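Letters A, B, C and D mark the chains as written, and numbering starts fresh at 1 in each.
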Amino acid sequence: MASVRGFLHPKSATGRSSLIPSPPWHYSGDLLTVEYRTDPARVAELLPEPLAPAPDDPGAVAIIWADWQSCSEQAEELLDPVRAQYKECFVVVRCSFAGRTYSRCVYIWVDKDFAIARGLHQGYPKKLGSIHQTRPHPYGKGAPRIAAGGRFGATLAAADRRLAEAVVTLREPSESNGFVNGHPMAHHRFLPSIEPGEPPALDELVESGAAGFEAGQAWAGDAELRLFDSPTEELALLEPDEIIGAYHRQVGVAWNGGRRLA
Amino acid sequence: MASVRGFLHPKSATGRSSLIPSPPWHYSGDLLTVEYRTDPARVAELLPEPLAPAPDDPGAVAIIWADWQSCSEQAEELLDPVRAQYKECFVVVRCSFAGRTYSRCVYIWVDKDFAIARGLHQGYPKKLGSIHQTRPHPYGKGAPRIAAGGRFGATLAAADRRLAEAVVTLREPSESNGFVNGHPMAHHRFLPSIEPGEPPALDELVESGAAGFEAGQAWAGDAELRLFDSPTEELALLEPDEIIGAYHRQVGVAWNGGRRLA
Amino acid sequence: MASVRGFLHPKSATGRSSLIPSPPWHYSGDLLTVEYRTDPARVAELLPEPLAPAPDDPGAVAIIWADWQSCSEQAEELLDPVRAQYKECFVVVRCSFAGRTYSRCVYIWVDKDFAIARGLHQGYPKKLGSIHQTRPHPYGKGAPRIAAGGRFGATLAAADRRLAEAVVTLREPSESNGFVNGHPMAHHRFLPSIEPGEPPALDELVESGAAGFEAGQAWAGDAELRLFDSPTEELALLEPDEIIGAYHRQVGVAWNGGRRLA
Amino acid sequence: MASVRGFLHPKSATGRSSLIPSPPWHYSGDLLTVEYRTDPARVAELLPEPLAPAPDDPGAVAIIWADWQSCSEQAEELLDPVRAQYKECFVVVRCSFAGRTYSRCVYIWVDKDFAIARGLHQGYPKKLGSIHQTRPHPYGKGAPRIAAGGRFGATLAAADRRLAEAVVTLREPSESNGFVNGHPMAHHRFLPSIEPGEPPALDELVESGAAGFEAGQAWAGDAELRLFDSPTEELALLEPDEIIGAYHRQVGVAWNGGRRLA
């Protein structure tokens, strides 16, 4: 009998068909972040046990747009960029587990299948969406500069409905890019049993973080944020009561696995 | 602490955000099937232990295009059809396990995230693709009829490359819609460990089949089939040596879970 | 010097590159129509001179979803269906010119470039959109039947915003498929001068209609219709005051040119 | 009777619905250019009278990928970037008219409807395509730097078929960004008569060029280029016999109309 290879499905004799190669995975891109406070009860109800709300500022939320180019260690995707570029919008809250504070992505939309597959491994609850964010460019009137007064828009849609839109106006260089997404991620990986009524086939809590990080100057700014309702989404329940801050930063990140927490 | 609900991620207090609702799932659509023989070694190398090649005709392959509309038990997706319609192209072989013959999908491309998610549960190794098949229609010159001489084209592309194309010309009514996809499906559900080098978090063999089925008259026809190479796909290794048959059939199917085999 | 060939751009030595072939063009598809009354002033302001409002029921509007498969005389597109299938949603009013009543499309969204190009020739003011309508199917719970009680949803989005959604519930067979889209079309074909401030390079009024038509039984039904605002669209200004009727019909149509009116 | 407003269709009482606003139009983006020589007869046959081949190097071709963000004078599109961002791949040759050398776009694919509409005005023969080019980024391993050794891939597909792919490796700063696309553009604007057999409704030769331009350092590099055949495209007839050069440059451009040549 044969063995089959591949980091993920579909497996084959060579492993070449796998939807994604094995980590490490490398990312270069721009992050546009809006941090705000919502009703802490809305955050708490998204945290399954054994997670608890973060001890301080438990209603803090970050909604982050990212315009990525990514690749595996061999980096061949970079020369066939349809396989390297994707965009995402994700919503992060904080939580507490075993005395430590974690970040946790509660909603996320991406626009490529390889990004969905990575999320499956990392525990990001990914759906497909249509994501756009203004790109900075050094020349012409078709783009803002990364400088005071630079204005960046960002939008999210899924299933032909707009779900979120933000406008961030850069104000000044900043020491941070926000605090909500600054901890290791605590995510669940879950798959129901194929047999109705049986316990899940997989239900585990995992931790992971960046295996490498470099970044340019972060900029802080002012933000407007609007969330819209949809029959299949609950993002709008995380209603913004107060904007904490907004940020733009160019980053390079590597990811290379994590560990099981529970 | 909270509990969260939902058949799949993202989980929430209500379960409304889940990428897919719980089964049963209902499907109405048209199947265009081409069955052919390839080198049995190419099929065998895609069957991980404990699966073995089917005892008879072990090089038989079915490539199937399906143009689906689907919904959950409440059927509300049917009134918001962006959430109900999807297309897929999938490749099925047969295998043997514990003395029984199973069908097994070795490659599959779909064009919606909810279809990817259902595949995750059912063990279909889904990627995103761009799938098209000619639709029959009773009026006008813009479509074939489901009748002798009706010609149907079908194509598959992924990552901006064409991977497969077929043309099927209907010849006569048929008692069957082919034999390769006619058994219960034997699929693996797999997720690597979050910890590099550790055994998989999930690696199980599951069986499932239709929980309900109705169909119109099947038609048999003649087929041309071309498969194309790609850096990330191995479909073209299943080279067609001999066409067995081709079929068109309109079907209604229900799916409602399966059972664990190993 | 060379001559170049092709019905439309890009022209080449052979004409094979043309975005669309020359007419006749053939269409097979399903139409879902909602007719309603809006403020007649909203219709009148969309009718440039020399057009005038229709003498009777001048506030009548039809919003029509169509799920098409189309081809040229040689029909080769039907075997490469990515080049044959498209969907559209269009809004039709009536107007009067030289003592005759015409239909006129004031807004239309399609999802393929060949459909945009045909509209350029025919005077349809096409934009790209994302259009979906429920498909009938004879088998399974994933689709309504074309029968009393059959429910069909239809949606329109553009630039990641939902612009319209309708639900039609079939009630009974009908002698007509509505009246607003039942006249020859009176459309403008327009292109500004390349020189700022100069008169248009083209500004003509043309008439066209079907060169061939066959259809199945029309069904009448009840409808809900919602229109949504957008920064770049004015569809929602045609606010529905009263639903006139709703219809479903399968049709085959041919189009083969028209004539210049003014 | 009403007048209607708008730079292009659909026209309305306010002009807000127009697919594109009036020029000037502003662009910020990155250009990846491969210049090569093909059989001059293949270029000549694409030049309709009164155009003649360029007197020197008449087989020179530039294939250019561009990753744009664009806006009108008010720039509101930049805050709703789904309306500002698009990509294109276009093929430029040179020609001669009235003793002067012009550039001329013979094939072009874009991925947004507003870009199609601008092309209609400017005489670019636009189709929809799927276009990707590697983006430079200053951080991480997910992107090349704009520096010696930086490698950029670029691909073009349409109708689910890959049409072109290039890889450019930067070598050194360059004084130019190539010469084929360096002249004013000479384009035809064409629309057939609505009446079969009649002369075109519009068939004019127009000239236009940039109304504003700024740019960063151009880089020259080495290129590989592959063109692929398709039933509906003739790009592959412009077969590369010899690579002339390859370039990367970040530019800001404005466009504000042109003039009629013939």
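Note that in this section contacts are C-beta pairs under 8 Å (C-beta built on N, C-alpha and C of every residue); 3 or more make two chains touch, one makes a residue touch a chain.
Predicted model, so just to flag it, every value in this text is computed and none were measured.
Enquirer: Between copies chain C and chain D, are the contact residues mostly the same numbers or mostly different, with half as the line?
Expert: same
Enquirer: When contacts are scored as defined above, which chain pair ends up with more C-beta pairs, A-D or A-B?
Expert: Counting C-beta pairs in contact, A-B comes out ahead.
Enquirer: Once you find the CA centre of chain B and the CA centre of chain D, what distance in Å lies between them?
Expert: Inter-chain centre distance comes to 40 Å.
Enquirer: Report, in whole Å, the distance between the mean C-alpha point of chain A and the mean C-alpha point of chain B.
Expert: Distance between chain centres, rounded to whole Å: 30 Å.
Enquirer: Can you check how far apart chain A and chain D are, centre to centre, with Cα atoms defining each centre and the answer in Å?
Expert: Chain centroid spacing, chain A to chain D, equals 34 Å.
Enquirer: Can you list every residue of chain C that touches 2 or more other chains, as numbers and ranges?
Expert: As it turns out, chain C has residues touching two or more other chains at 80, 82, 130, 132, 155, 160.
Enquirer: Where on chain D is chain A touching in the complex?
Expert: Listed in rising order, the residues of chain D that touch chain A are 26-29, 68-71, 75, 78-82, 84-85, 130, 132-135, 137-144, 151-155, 165, 167, 212, 214-216, 250-254.
Enquirer: In the complex, go through chain A and note every residue touching chain C.
Expert: 130, 132, 155, 157, 160-162
Enquirer: Residues of chain D touching chain C in their complex?
Expert: 1-4, 7-14, 16-17, 19, 22-23, 44-52, 76, 80, 82-83, 106-108, 112-113, 116, 120-123, 125-128, 159-160, 188-196, 201-202, 204, 206, 208, 231-234, 256-260
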